[in-house]
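The structure under discussion appears below in the form of structure tokens.
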């Protein structure tokens, strides 16, 4: 053993006047921060183990606990910040890649917060969603260029579509990266509200086949859990090429998380590491993608739309165009603030581009090529509230995926320790002691409530714009204005500056 | 009648049910801090969390249709509340002989440590609205409803 | 000040339309009298008319009404015309001095046929060839603007109150079987003549009242199909939408109407299975052509007109029938001014079209 | 329809409450030779120590008879039952007719053959009146000999000791609480009581009681003599069945009853300490003179009297008692009678002892001294006669819980499924 230079990130403070020594905190902390000493009838804390997940704070019945940033400071240095220094200590100790969870937390510009929505005043009326119908139903899938009628009868057959009661879906989060109860929560919420959850690359657990109508089943580079029944079970199939939190690299579910259920669902031996390669080994170019798309369509007798998900990287627009032309019905773009269960820190924080710019670029590019209407565009990567969704749709998205927001609804506290498997909220864990902390009935209610609340807000904002159907907002960039953006940003976003 | 049921799969073993049960049966039913820090002896919770991780559940009186405790009670302290149907123990009449404890196959009756020789059992918090254990279960593991799980 | 095409200018308006369904022509006086009643719905910053059946002697020729800011523009465009068309006749459009109408551009009229060789080279059908020429002039020729380009029809518009515009263009001297009129109430405009309405393409004309909230969604959709919404006006986008649906995609009129004023999903859910399939297909395919926000429009063509409200009727629209004549207008007074006792007057419901077709025409 | 119940204790009350579940109209008459409102018989020891007075000993509230529409004849003794006429003869010659009769006359003290065992200053400890009498004489500084080291004997001994009476207990058996406790457990109890100053003469019996002035001398079989101020004979109870003597109601040790608590004569039922019924552990008919059984038998009898089909599943002994802060529960067979039974126990400590008796993998008895909590879980296992082979370590641990039960049983308990 040598000296570790790790210092606590958090300071756990216990108000002894309030503490009743019920020891709920002791039982609830999977990191074993709290300890009860019988001999002295007192509680103590190990600050170093605290990840700041607030489980103890939330469960403490007398609010005797609070968690603060550990006040230890290095000599002030704008270049060598505490984070930077501590990362070096850690790597010097471990010799390994720094891992993290959830999305990029660095202070890059958040373009959502530099875009403002319009509302009607005088020249046209706003619409009150409580009095007038307000439609947010959305169909994802390939659309024809035109409809053909013969003798007044429609002759065009519409390709299979994903019907959404609101343009918000739950992002791909695999069973494995999150608990079965978390997946169940999202599946049930999707069913209740009329939208989709996405299996991620974790396969579809037997218990969840009944939610197939609300599932988008993913085919990723590891092909975990992919078999004919799986493909048939979902409403759509998504080929995952990349993920915003880790563009260009694969996935790794450590063997200790591969318990019986995960092993059966993924069709891999219990306890074995589930390694998703960085590329699909049968896709080394766009024409290979086309083959996979059509293989999946063949396998499902052309009854399921096929989506392709990519991370937002520098030339995302050209890639998206290629994907549309390769036959994808839906293109999913995941921005660089998208979350994950585990990713190398440096990749997460430095690779990819913001979803707002990627979306604008892709939408514009597809329109310039006159193919935007043929495919649906779904965006992901830190959609934090209903206003973000409004802005995404106005920029050109058909729908959005929410991952982190959905997990927050289930109780996630953004401690970014998903990769440890010790999620105290029962979400990013396979430990049966922790998994049961998420009651999927409650989880489903909370996730469904979030969607319902956002739906209300979307309707309010649409009504304010004098719009009563969400499609009239789609690509309607006149409904946006930029604030505090450079001319170049505005040009890429295709929006005017506020005041223009 | 409505009964409290434990859903094992959602019980997280936090014991908040016990904490709140003790408090509402203390001199300070609405103040946890006082209930625990000022009571001479904190009342024994009438709900018991049993745990053998990952299994855990909270257990209290089943308020049986054919209550063994009531039949066994030597003093007549144990009675059925006519309005609610709950099986209640009249602490004034109870002598703490523990016959009900040995009679109850559910293990749902406890010795009340805060009083001398009286049993403590679930009273549905009849004077408090919904039972405190149900109200304060953070994970919906205790539900009050007609019929079983 | 930026003009239409450089900036988007919302406006409120008055509209009126009259058709003699037997094809009997009548003088422009009537439509002027009708639109004049709604003086208060305009603010003098734009008025205009579309007239059908006014050039029977040149009915096989595309009648181009042009505005030129200067002679240079006129020269350039005429050079372009000569390259692409055979010009049968050209000349100034007669006007009279009206004190309130100022800053008139050069207003010229051409009767032309496209050059067959050029059409062949372009691999386009004749109509599309003409459309592409119109788009090119409007976007590429500075100081030139195509006011109308249909056959046996023409648009007359100016900055001013519509009744003054009618007087300016001497419309009492024209006879047509369909007339539509527009009085404009823009919130800000430098008073560019091209920005006045109607907006036309081939023999489509659109007069419109309202400010559509779906504008940019509609615009960006039609622009994928070769249109260039250079004016940034609702009327322009609506015209192109109808041109796309009716002419290019060949949708039946009722389907085109149900596209821009689509039934609600709730209503679709109550339709029979076959209907559901059709309406679902319409809404799924043409979701970006749903026209949202308040509007009432009159879409004119050689076959007649269709008047339509937005689907929740956020703008006024009244219709009346008297014998062979059908009237539509923003206000009932505008109808009664020229037809005091119509046989029937009604207020069409939101999304429910009023269709006036010439006898023998099965679609617009 | 006239219901008549002879007796006014747990079995009688059980019957009344049960009858009124099904029949709210027809008259019920309760006759008892004791003049009191129904009271809890076990509480007489609390009366003796002063923890309870007459008022607070009531087994049911004061308005019980009104509420249940019960007529009472208290302080009236039934002399005989005339089954052919369906009549009762009372001590005042009154004759009462019945349609359905419950005999719940309880037990009476067993009086062993001791010379001089009658007369003043010789007491029993069964009824409230006994307690009242004793309370009078139990003055500080006095001394008493309690003959009998069973439940009643020790409770009265404890009560007397708490009244600062010097107590000597005599019992024929070599251990205390012979009927409910094994030798090891009994030893813990004896030590506890000895610590409080109680004296014991075990393995011998009283042969004579002689007056010696104001005092008495109790002569023991082993030749010793104990001088005392008064004597309590508390050797046990026997069924109080005088009523049915010379009738065609079948009697063994107690009145023989079937699973409906009916006697051999139709319309006549018996319940409580006077009746004998199936002991599920011994597999034979026995009198099990404990209150819970009495109440339950009364309930079954009452239901059947009211025309229902109610079955008494049989019983077994279970007791919860305590002396000077030592509390214990016991049930069933506490000492293995032969090698077909196995005993398992915790290491006995001064104040803690846990033991189970197993036969063919099933729990047939247990002892838990100072480990009362949740002992009913064992009772449930015993009642259901489930195989507990895998649970034995838990059964003799203080921390027994439902969590230790097999999953099906645990789920059933959590659901609240009835345990019969």
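Each chain gets a letter, A, B, C and D, in the order it is written, and its residues are counted from 1.
In this section, contacts are C-beta pairs under 8 Å (C-beta built on N, C-alpha and C of every residue); 3 or more make two chains touch, one makes a residue touch a chain.
This is a predicted model, so every value here is computed, not measured.
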item: Chain whose averaged C-alpha position falls nearest the assembly-wide average; value: A
item: Result of counting contacting C-beta pairs for A-C and A-B, higher pair; value: A-C
item: Intercentroid distance (Cα basis), chain B paired with chain A, Å; value: 43
item: Approximate Å spacing (C-alpha centroids) for the pair chain A, chain C; value: 47
item: Rounded Å distance between chain A and chain D, as computed from the means of their C-alpha atoms; value: 69
item: CA centroid of chain B to CA centroid of chain C, Å; value: 80
item: Multi-chain contact residues (two or more partners), chain B; value: none
item: Of all residues in chain A, the ones touching two or more other chains; value: none
item: Of all residues in chain D, the ones touching two or more other chains; value: none
item: Graph class of chain-chain contacts, one of line, ring, star, complete, other; value: line
item: Contact pairs between chains, per stated definition; value: A-B, A-C, B-D
item: Chain D to chain B touching residues, read off their complex; value: 14, 40-43, 46, 51-52, 56-61, 291-292, 295-296, 299, 318-322, 327, 329, 331, 372-377, 379-381, 383-384, 400-403, 411, 413-416, 418-419
item: Chain B-facing residues of chain A, complex; value: 17-18, 20-24, 27-28, 59, 61-62, 431-433, 436-439, 441-442
item: In the complex with chain C, residue positions of chain A that touch it; value: 120, 123-125, 127, 132-133, 135, 137, 139, 143-144, 146-149, 152, 154, 156, 158, 161, 367, 370-373, 465-469, 471-479
item: Contacting residues of chain B [partner chain D, same complex]; value: 3, 5-6, 8, 48, 50-52, 55-57, 59, 62-66, 68, 71-72, 74-76, 92-93, 95, 97-111, 148-149
item: Chain A partner contacts - residues on chain B that touch it in the complex; value: 7, 9-16, 18-20, 32-33, 35-37, 53-54, 136, 138-141
